Amino acid sequence: MIRDVTDPQAIEERIHRLRLIEALLFASAEPVAEAALAARLGADADVAGLLDELCRHYAPRGVNLVRTGAGWAFRTAADLAPHLRLEEEVARKLSRAAVETLAIIAYHQPVTRGEIEAIRGVATSKGTLDLLMEQGWIRPGKRRETPGRPLTWITTDHFLDHFGLESLRDLPGLDDLRAAGLLDSRPVLYGVGALDRDEEAAADGNDGDGDGDGDDGDKKTP
Amino acid sequence: MIRDVTDPQAIEERIHRLRLIEALLFASAEPVAEAALAARLGADADVAGLLDELCRHYAPRGVNLVRTGAGWAFRTAADLAPHLRLEEEVARKLSRAAVETLAIIAYHQPVTRGEIEAIRGVATSKGTLDLLMEQGWIRPGKRRETPGRPLTWITTDHFLDHFGLESLRDLPGLDDLRAAGLLDSRPVLYGVGALDRDEEAAADGNDGDGDGDGDDGDKKTP
Amino acid sequence: MGAGDFREDEARTPAVPEQLVLDLDGFEGPIDMLLALAREQKVDLTTISILALADQYLAFVAEARRVRLELAADYLVMAAWLAYLKSRLLLPEPDQEEPPAEEMAAALAFQLQRLEAMKDAAARLMARPRLGIDIFARGAPEEVDIARTAVYRVSLYDLLSAYGRHKRRKDTAVLHVEPMRLYSIEDAVHRLEELLGRMPDWTMLQTFLPAGVRDPLLDRSALAAHFAAALELVKAGQADLHQDGAFGPIWVRRRAPGEEEQ
């Protein structure tokens, strides 16, 4: 295709023009008419020949050069259309209620929902356990042989994986937590149960509140 | 590059994947995360190798495959810039204050407003950070765990994309500046009450998300 | 300003470049101006004479005041600081309270270097090929079907601190139960009975509420208690209630003995 093979300057000029057409067609929001390309490249440019060369270069690739109406444009190859989808992971933050529920299951397993509620002192919304199960962190264990035979919850191997624990024995004990300062009592004002519930509702609805330093229930006092 | 040359099926599979990556990246105006491509192509795909091959294929052409932040994107070749400006569009001129502030955030991040002011020796006018944020170049980072818990500022992936940087390590002259000790953002002597300003900003009450642990910034991305 | 006046000054102090006076608006504060003055010295910032720089700055400020140029306060603060630094540099005195003058001068030199470095970095950054100006993205993006799945980021630290927080709350909750101050229905019944005796006609229930309650929770509980109390009294045949429409005021009146319910 490249004529004047003997003339290095002509080859360079041709390559430059090919690159320019590529860039122009790529960046343009609309198909570009051949005449418009000719105007950009100069009167002596063999636009039809250049386009033909590009067409053939792109024919087997994932992106094709196509003529559409009066203009030229790059389009993804038609046979790939059904494959053009992406799965994107969106990082989200777990609500405080969910993290706390997960922590309680980890430390108290096997534990029933009723027990979780008794430990936390608030009702557990159904979504919380579902979410933790969806993430593969918890699963139902055996039923407790007590009246009503309630389901217990335990953590999974994926839970250990996710948190980089070899076994449940690696979960730091209370003494470790205290040593790490995670159990330090700080001067905080706690209200009665009603406030806890509010707090949970707020944490569920707005995961921006991962305050990390305990209770902000006092701000929400009615 | 093509391994298993003897296995026609493997070659075909590889070509299909190359075409698919090509099409996916071509279709999108925004960079696509490598992880998203990997998820799309399946666990056994050598995404890094495929991207590398495409990169080299496109390197001499008018459109290049570039890595920016965590993503990959096709972009017109930088050397064609003088030929691509369709009209002499007057790019919105940034004020000196805005440009300097952007550079300080890029090189010193995460950096508080007080520190920016300490470096520039002058108060930051109200619109400067807004403008940079509107351009999508900066966003709030974590709060600094110092009195007043001032907000820090960091650059975005779009900043990298806009300035054609693969990562922050590619900031021009970064190593020299660091070696010369010039990336120290402490107030030296004439800091326009740097610390006062940070504390003041935190006390403004615009710190609704008292989020000490981090990745809340993305919620504020414009 | 007159050129003659200017030369008089020039004889005593280092030259104040005229354009600096004229371009005062172009400076981003005193440090920025000091940097411009330092560049006038055309020496490496690491070897700059802070003393000479201070002189230049002070001469500039003196000149600006002489021609009654408005100077922002921070320029004057810097002038005062430089004058002080200059005196310390010239007349070293044993003062344990303040850092040595050389250290202060070095700090200023560092600050100038740092700002210059950032200005250079900014210029280099802006000189790069930029997206949408020199480099272009795909002009006609095509549809890519993007399925978003939420990934929850929780670290072990989050998990442990959640448990620690929970434990802490458990341990301390007992000690911090706040007594609820609520208005009881019994009190409201008692109060209504007494007040209704003195009200002959329909009266808004609202007017029976105790006055001067500051606590909004107590206030609301008083309203609820009085409403419940009024219902109790109706049930007991001691009062009538009526309301003109939804959310309208509730009226209450004493029912005379033997009178039928409305």
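All chains are identified by letter, namely A, B and C, in their written order; residue positions are counted from 1 within each chain.
In this section, contacts are C-beta pairs under 8 Å (C-beta built on N, C-alpha and C of every residue); 3 or more make two chains touch, one makes a residue touch a chain.
Keep in mind that what you see is a predicted model, and the values were worked out from it rather than measured.
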Leftover connectivity once subunit C is excluded is one piece
On a CA-centroid basis, which chain has its centre farthest from subunit C's? A
Chain occupying the most central position, where position means C-alpha average: B
Could you put a whole-Å number on the gap between the CA centroids of subunit B and subunit C? 27
Roughly how far is subunit A from subunit C, centre to centre by C-alpha average, rounded to an integer in Å? 32
When the centre of a chain is set as the mean of its C-alpha atoms, what distance in Å lies between subunit A and subunit B? 18
So subunit B residues touching two or more other chains come to 24, 26-27, 74, 76-77, 84, 213, 215
Listing for subunit C: what residues touch at least two other chains? 136-138, 142-144, 153, 158
Residues on subunit A engaged by subunit C in the complex (per definition of touch): 23, 26-30, 73, 75-76, 84-94, 96, 99-100, 102-104, 106-107, 119-121, 131, 135, 162-165, 172, 174, 177, 180, 182-186, 188-192, 210, 212, 214-215, 221-222
For the complex, which residues does subunit C have touching subunit B? 28-32, 74, 78, 81, 104, 107-108, 110-111, 113-115, 117-126, 128-138, 141-144, 153, 157-158
Parts of subunit C lying in touch with subunit A, wherever the complex brings them together: 136-140, 142-156, 158-173, 176-178, 180, 216-217, 220
Listed in rising order, the residues of subunit A that touch subunit B in the complex are 18-24, 26-27, 40, 61-63, 74, 76-77, 80, 83-89, 91, 93, 208-213, 216
